[in-house]
């Protein structure tokens, strides 16, 4: 059993006019201790929905999430059960993930205090701060006194206060400047190694994912279309969408290469295309793709794909 | 503003234009020119009956039968003659729709006389005051045919079947010099000249009576926007003296106070010596000053302009020492009493709160603590009429200009009971009242009322405080206007100034 | 971690309240408002020392025009209008304050309950708020007065009934937005219960807007209470209440000082409160200021 | 790349902004920049370095209270930067601008057609119908499917990528010579970004357009720009041909920026972040503003503001030390 | 059930929105009738005392007749049930003080108030929006400060006092304003269609009457508008500042559009949405808040009617006024949402 295990997860929202938007349409994902699993995909494909559901912030419409063998109970009005406090989340926007009216020390002490009783280690505020590369002396300052990168560190320190075993990080670096991105990415990698936590790293930036993730899952319109060890995926993507994503990356190498263009946009999840959801944008789509949904299948060790033509791509 | 139009400003107290149902001052004002009554008053004199649709009645010696003769020339605005049947219909309708004025004809039967055009009213009890009630515009004669045609009824059960009040809101069916042109309870009542009028032609083609806040009335007259302002306060007249005729005379309402004689309501208030102490403690002159210029103080409960009124000197006077002595005699130490008054309406611009505050100060001087209890009129009336108020300031407006109206203040009578004055507690007073009620001889009658009032002052719980002044201003483009306690001013009598 | 040495030291501490876009106290209008309010409160407190006359003492002739003796003249029964206006602050301010406090406490509680429980409780409270807002105030006020008798406190009760919804709405909507803020969600994930999150994370962020709202509503409260007194539904004579003074004075329009000075007093107090409230609102983070719409 | 006749030349541009406490702070401190006809020039730098402000100065659209100095030459005309009115003449007609976030840069309550044509009608004094035709043409050129129907629709009915195409089309209907694109792809997904980059390249070719491309994404820069300017704390710290600057950065800041970006394969170089964060406006360090974060800083860096100096033909850096002159990337 | 649900969603958005709002509104109205009924019951005090003369009120026969006529002799729940039953037929009962159907009273007084409030609203919108826009453009400079003080003064001035002062100054001292009332004394009202004199006069083509009616409405409307002018100015300024800082406004300027166009077409439009909401709420408040102005200007409107009804414990009138004010409040708010959706194509009703 994996540390965090997501099975057939479905998340839907009630939309306008009584319709429902199925943001996550049946996904499977596992995160092991000490592993970084990246979830990439274009905006609106359901990454955040999946991440939030994984930690229990959203009620799933179907499927299950288990953490450490226990079912993750969606948050109600009561306090979260102690064992599940070791499953934590880091949010995208470092400006809104810290209460502007409270001191850094209090914010972190919160985490330390309330997460007692789950059998983890108990840290001091200073330890938490130092662990993310900040000095313990900042505990009596307010969040607004820090830059975006520093705030993100504080947010991570707060999550660490609960001595988590698994962290879901929802685009933790996309709101930051390039150099801050690099430093937060490095920090996360270090933490995973040092603390042996599992990390579900949600991102839309494939190049950073390639650098830090052990496994990458590519999501398209509510479905995970391909999952593979990062380097393998990068070297030989089996799903045309993965290939398209990689092809669209620009490299700051000064060579003046224009990225490859994937026509169209992510469709509205309220009305997903029939068959393979990617087929309207797919350069290699077959007749069949528009009617039959491809199976989610293991093609090579550690490589799972949902594409009718994946076998062909493999050879 | 049109030529031939008279504009009168007043703060409306008006509910309906149906004579059989109206009982408000503004209705009297605007209906008087529309519905003529059998007899009437001239000018401001309410003691002398004048013929109108009928002659001054002959009264039988037992004061139970009253005979009128209709003027054969009289006709309604539609040209049809005013007949005995119309009178009978009108009176019966008033009785049977069971509206506010119905009591005027309590115990009265109306019938045809033996001669043509003769009307005979008979009463169960001797009632020498009856003719004085008949000038009330509520008893105006309506055109029976027209009213019947508009869902009117004068029969028994008319309270359920009569629906003519809707008709009266848009039209009129009287014989007066004016007809109703527009009736808007919130804004204005417009009267139009009755072209078919059988008497002298009226002075104006049109009379507009507007509902205007007191504060604006004065400005309107001063700017010539209106000719008459009816609801001023005496204090306001100074400013307007130069531009308009002003008039400030005692109104017919009497503001009085009582301490409740019912010990169940308040042991303190019911104490005779305490009542005396209160009576002597009040600074009547001071109150009169608050009431302003033109206000008067009747010697007892009957207002000064009515026959039978006592001179002011006969009323109680302030005597602080006497009051203290009376209080000592009562044996009540540091008495505290609730003084209730109406907070949301004023009487001719005088707020009861001012009066109450002044009385509180006066009582303080002799060692009586009055707790002021302001109350909205809607709840006040309930409590007042139920007789549960230990001490209150209240007013009485005459229902008709006859002293008999005030017999209600006697022990065991309607108003007496409100002050906890039970039947049998003052047999002397009741005795005189009984005699006064049936006496026809005017001199004897007056003497009896005098005596009754003196006894009332002595033994009763009531003390009259003042008659608020009626203050009005009228444009100098008019002949000076006279006040009439029944219809405020006689709109038909107003005339442009002679050049 | 080598490349990310703690750089706290070179981030100089910025001014503490970043939520105040510009400090409220440096704004001239806010300053004027605050100063005025302070002065008015002082006037109210020291009224007995400031005027030789009591508010209900009949100290002169009636209708004396303003003079050195009687700065604002005397009224219809010879009371000193200046004294009455000064003492009027002792009537209007405490009652307006009471009103604001009661309405805000009730409104905040109901808003918090609605936001916290959601579902039918929320629906019920919010429909009740709608109902109250749709109900004509004047009728409600008159009913309260008829039931409880006229008096400023009863008028306050009547107005509380109609003014809690605004607080409830602001609080509820702020709770609903803040509830979904990542910082609350992260607290919840750490094991903080909703109730505690409300207290620790939501409350401090609601307080600011609430205080501003209350400041703005204070002026409104003074106005409403004066209006009710003007109609005779509030303070009763001879209490020196500004609204009823205007009402009494209005009958003597040529004695302008009777109604002009108490009217100006109302204007001044409300203006001061609004100057202050408006400046505070401006200074508040624009994001939260939106909650007022 | 050969220098072309400059269409736009900015000389010594300075911009200062009022601060909350009543003072002023310099945001742009002497920027020289030129764009040749048909050239795409990239302007890179971290957030807050003054890229957007410089662009807005060209259009005279600086926020109220801003003070400017320096000269702007445009197509032979010479405008003082301080005089906003002169630039107003260029706006919309000769110089057009596209903003970062297509979600907010289009008016949510006006139809696409209206937004495409209103300035066209105003500038060219032509009729609605004619303007519509031009607009539809342009929509077709930026590959909006069914352009005629699109005219009647509202922005929210389009996806982000489509909106950015519409924004670009709307900027270009009047046939401007220069397009200022302020981070035109930052808010977009990579696959959509690729399309927009290709579109800009195509338009430059077809319309002989000059483009000032503002971005902090050096990858985008590398894909499109002919020449590159790198800004830091309100000054240009490095300028040169794209291949030169990106492949062999000479200013420590440019180098640091590149090192922080994940590019190439992971074995190429580790991700190294620049220490610290860019200084906020009004708090620029004395001397070379970059010195507190610079590995190579010497005393002189702390003392003097380094001038931009030519180090190769068409290549200049503002670093007195030039520590990277010999070091390949 | 599912069928119902499906066909419900098949309706056009607009229709669905209106139906839903009307349904909720109807429930709210039911609540209003209940509350007003309950209120009139709790109030101590008997309508008999308040509505009959002193003599009549002590005559049990007359009192019985009175009670029977107004149904007060029935058990309380039954009275309420009867009220509701009549309400369904559009019958609001009969007023005890005017002896007329409440609907008749309302049809006379309500239009006067609506006319006054609408005139005030138009004034407030025109002046408030203009000032707000000016203030936003001149942000933090002296015109902004001046407008700020003006608008704050607007929301600070006691209406009843201002009414007195302006009437005194403009009518009495200067003689510019016409006197009280809706028309000159004795003036003929135009043929009644809407009972709003200005509109009726226009419909009938009576220009002179229109002029008179208009001249009478200006001053009270201006006084009534002062508060709303202040609040709309503040809201407009805030909303304009927000929209002026939006990218799309910058984009419009970058397109070289003249400043006027940018401000009026691009910046004001989104601000209008917020303003409309404020205006809608202000209109509701005006309706029940007119009593102070109405009494000074002798404007025969619903405010005075409500005040008098409450004074006289006129049960049916009180309930009628509450109901009609609530209905207008609900309709206005619905209209506001419709306008909002009209201004902003992103809003989808439903």
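Just so it is clear, A, B, C, D and E label the chains in written order, and each chain counts residues from 1 on its own.
The criterion applied here is as follows: contacts are C-beta pairs under 8 Å (C-beta built on N, C-alpha and C of every residue); 3 or more make two chains touch, one makes a residue touch a chain.
Protein names from UniProt, one per chain: A = Peptide/nickel transport system ATP-binding protein; C, E = Peptide/nickel transport system permease protein; D = Oligopeptide/dipeptide ABC transporter ATP-binding protein.
The shown structure was predicted, so the numbers you read here are calculated from the model rather than taken from an experiment.
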Chain hops separating chain D from chain A, counting only touching neighbours: 1
Chain C and chain B - chains in contact with each: E
Chain pair with the higher count of C-beta pairs in contact (B-E, D-E): B-E
Separation of chain A from chain E, taking each centre as the mean of its C-alpha atoms, in whole Å: 53
Between chain B and chain E, centroid-to-centroid distance (C-alpha), Å: 39
Computed distance of Cα centres, chain B from chain A, in Å: 88
Distance between chain centroids, defined by C-alpha means - chain C, chain E (Å): 24
Sites on chain B at which at least two other chains make contact: 215, 219, 344, 376, 378-379
Of all residues in chain D, the ones touching two or more other chains: 272-273, 277
Multi-partner residues of chain E (at least 2 other chains): 43-45, 164, 168, 172, 311, 313
Chain E residues within the chain C interface of the complex: 27-28, 31-32, 35-36, 39-40, 42-45, 145, 148-149, 152-153, 155-161, 164-165, 168, 172, 234-235, 238, 242, 274, 277-278, 284, 287-289, 291-292, 303, 306-307, 309-311, 313, 318, 321-322, 325-326, 329-330
Footprint of chain B on chain C - complex, ascending: 56, 62-63, 76-77, 142, 145-146, 149-151, 232-233, 236-238, 248, 250-254
List of chain C residues in touch with chain A within their complex: 1, 3-8, 11, 13-14, 16, 18-19, 116, 181-196, 200-201, 204-205
Chain D to chain A touching residues, read off their complex: 46-47, 159-162, 189-195, 197-198, 201, 216-224, 242-247, 256-264, 266, 271-274, 277-278
Residues on chain A engaged by chain C in the complex (per definition of touch): 55-57, 75-80, 82, 85, 87-89, 91-93, 96-102, 110-111, 114-115, 133-135, 137-138, 141-142, 144-147, 150, 153, 155, 158-159, 161-162, 182-183, 186-187, 190
